[in-house]
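Just so it is clear, A, B, C and D label the chains in written order, and each chain counts residues from 1 on its own.
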């Protein structure tokens, strides 16, 4: 049994990692920590774990925790992870980081997150954990940068067409809609129930910090610089991101051909489901699962792609466990079906 | 035109008072204040008022504001109002206070709100603003204690049966369900969207601070001490309180008789609608209105009463304007239909 | 007082028309009809009208109703209106039709709605009721085709840039998100609470029947054929449509210039509010109002426009009353502020 | 591997049974049926099963299905199950019926469901499947009447106090609040999104068909006739039932004593979690689980009990699988944790 720890156990992503690990047959949760007033059983902090998990949630002590784990998940806010990860890496323990701290190049990170990067040496070694694109690198990773929730669905929705050179790398638009857990569990006036419920708004239009992450990976796929137009929206629901993506076809292609292209690209990938022609995905079919569902519609010179993920599962915790499975040589789907 | 000010203009109750006053033909909003970073037009702070109201929202300055208003609404948190009201009262300007600061006797207030009362002299003069019970007192009020949201619906649901001595004053139960605006606009982890949405919970069971307010008024109605059982619940919707009330009949009575009793009690009261036998109220019919809708069902020795109000209108801002209308000799319904 | 009737009084649009007319000082509702089991007061069918409106809702009888109204609103499903409107027009009574039956040219209508048009003579005389574009025609209209909910927000969001020849008429994309009232009040399995709540989906991608309506009006504005890409989505909220529109700039323009262009275009139009640079609209600010709020962001060669309307007000009933005001020479805003 | 069939595979309860059985290690789903237009893979009908379950959903054919299953779940509407169950029972195949058809005595059933019972001989042999009360009977059951969603939470919330004779068997009140899946997946105008969302209502007050079921079981527990007051409410959320129960203490008891009593009663029962003193359950902690969480508060002579279940899991499909586990000698929790 792999001994696993979770730092940031009481955030939405941390809670979800724990929920999945409880079902995982090859790991044992040995350590949990969070910024809390007093150390107590995790089931006292998160009643849903009552009767399911009997582990004390401690205050943060990376060095101490590193001694009692074989691998650690960091479910921490951006800018915090890079101060914690080295403690585990120095002790030789693999790290799966769910924050953005190890996803971007130093300069881009510092521009978008407005702070100096504190762990440049490790940043260079981090592997971007999108298994459908980087399986081989992930197998060897010691520091895994788990993708952001928006980038997961957006990149998976664009990569096949882009890799096939079927669409124009310029002028890619992603209109993305996220449930409210995307913003994390924090007391923010803009996130209280009555401000989100019966409301809908675009935010950080083309200025969201996930944009450079999407650009970086798509540029790698295309072999040239890509700069997408990216508009995130906040939707009154708990979970899920649906991205409606508009691509300009440079190869003529009907919907059937597009579906065939995507099905071929994701053949053998257990967590991407491409809809048959005429069908489109919806959020309720992916909520609580590690699937990314993709639907396609070609119309004139436009290819419309609709991709759906659960932002806390395939967009965070599930993908993190998928990455752990790959890093540890387990079945890729263990604990995730 | 009556010159009116609103202190606490950016809270849910303050915003709602303004929304109603804009429609009111006999008043003019001359002053607004709130705890804000810089003074700016209210329409910049609350975009919904764009094109509808052109008044600067200032930082709090009760003495200054008192000079430019004929009457003031205080949409402030409990414990804050009693520090502000005297500035207006001393300047001879009537005050309608939407907080709990002037609703209870000093001792009870201090026990339930955990703080010394700062304005005992005015407390004695305050009138409880439930127009269906206290019309004559309200006409003469200079300091009006506007009822709490839960008490409004609960008291209106019980008063007719209690006044008629049809039900046992002991053993009254109110199971009340409130939308999330009831908690005010504040950044609280328990109020963020994902904690309230797809969730349901009882809270402060029989310990809610509105219980002594309900007890005080019902005791007055019954002419004897009353202590109800009161369970509030938080419902995933923005507005509305539905209270399901269980009363023990001491006079045998069928539903038709109960309906007749309630219709007679509220005859001529423009904002209470008693449902015909066989019909029950629902929240959507009162949202955005100043109505309290009441439905009745007698079954064996139990009289079940269902009452619905919009917590921000009849349970706060609407009733406050109703009280202003009465205090100023306007039509009771002006601005409210 | 203008005597007004509403056919289809119990649908969402009909109910909303009535709600607005109750507040209107220059009209009197004399006739209501709907497909119902037995004729009864409208307040029995829609309890929210209790105490506010005392009119019997009758079964459909256009000829009879025409005798007792000066003007009629048709809140009927598509394909039904065109069978009813002639009865009123023949009696010389102006008709404001909220369905799609008089919005398109005959051929386009028959293609998209899959049925022969039953009232071709009147179709030719119908005026498209978007007051911000067609004020003069509306003043003289006898048969008014009230715009669809999606087209209202989409057209208002695109017209200024298109009229200015600032953007490429080819390659316009509107990604639109609608609350569930957009689908009308009908018992459809796809519309029940648990299928819509905590869900999100695109539907009728580029095949929605509002697309030809948008194309027709934009083509008129541009003076050339336009064919947009249009993706509607169903959002778990009751009301509101937010459209995120992507336009290709052919005149270089920053956000400030775009805002200035839009403010100039809509100067003097009481129901369009253009946000200042750096601000974006949200649904809660327009819900329950007749406003269309528009925000802009220019980025590289893309102009992103976000427009918000309440689908039942500016997108249906409110705009219908605005049109009535113009047709009857009333103040354009009467009953709507 | 136990071969299992599900009749009514496309309803909410049927879908949930399948979802749980997929995770179950000791069973194999061999047969599915539903009233459908054409036979197709269940994953085409319910996209969430794509990649997880590859079984054809057939049209109803009980005799045919009986040959290929060892046990069957009936996820059918009331009045339908009793026409189907005999086909399986006659073939010697155990039946777990999720409808109400085998829960009540014949006379009571016929009164409350308004129809003659079609399968009286089997009705007499049916076992009521509440494992916390009837474990031994369930072990031997061939025809299991799975409890209703409301009765599960209400009975579990009352049984310990009643069995202990701590509370008055007269005057029990259950104020119950249910999410919208409780009404099943059916196209009903009262269940469409906009009628349920931002709304709240009581319905079938003291006349709900689950009342006689609760009365029957509580009477058995108390050893005397019981007739509770039962008020169900519809809450704008998908899943979950929270019942707030009011009991009159006849043994003086504080909250600590009540908690101790309940903990003792449910000791060793894996799916009931009694909250520590001072804590109360909430819906989000039980959604998606087979737990019934119970919180207690004694106040004066009233014992307030709050019980939470997921209506589709412990209130339907989960409990059905729990019963199957017991009937088949599997671990009671298999597939359910």
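Everything below uses one rule, namely that contacts are C-beta pairs under 8 Å (C-beta built on N, C-alpha and C of every residue); 3 or more make two chains touch, one makes a residue touch a chain.
Because the structure is a prediction, the values reported are computed rather than measured.
Undergrad: Measuring between Cα centroids, which chain is at the maximum distance from chain D?
TA: Farthest from chain D by mean C-alpha position: C.
Undergrad: Which chain pair shares more contacting C-beta pairs: B-C, or A-C?
TA: A-C
Undergrad: So what's the Cα centroid distance for chain A and chain C, whole Å?
TA: The answer is 39 Å.
Undergrad: For chain B and chain C, what's the span in angstrom between their mean Cα positions?
TA: Averaging C-alpha atoms per chain gives centres 36 Å apart.
Undergrad: Considering chain B alone, which of its residues make contact with at least two other chains?
TA: Residues 179, 195, 197-198, 236-238, 281-282, 284.
Undergrad: Flag every residue of chain A that touches chain B in the complex, lowest number first.
TA: 12, 179-181, 185-189, 191-198, 236-238
Undergrad: How about chain A: which of its residues touch chain D in the complex?
TA: Contacts found on chain A: 47-48, 50-52, 198, 270, 273, 275, 279, 281-282, 284-286, 288-289, 291, 293, 337.
Undergrad: What part of chain D is in contact with chain B in the complex they form?
TA: Per the stated touch rule, the residues are 173, 175, 177, 179, 195, 197-203, 205-206, 227, 229, 231, 233, 235-240, 242, 244, 246, 280-284, 287, 295, 297, 299-300, 302, 304, 306, 308.
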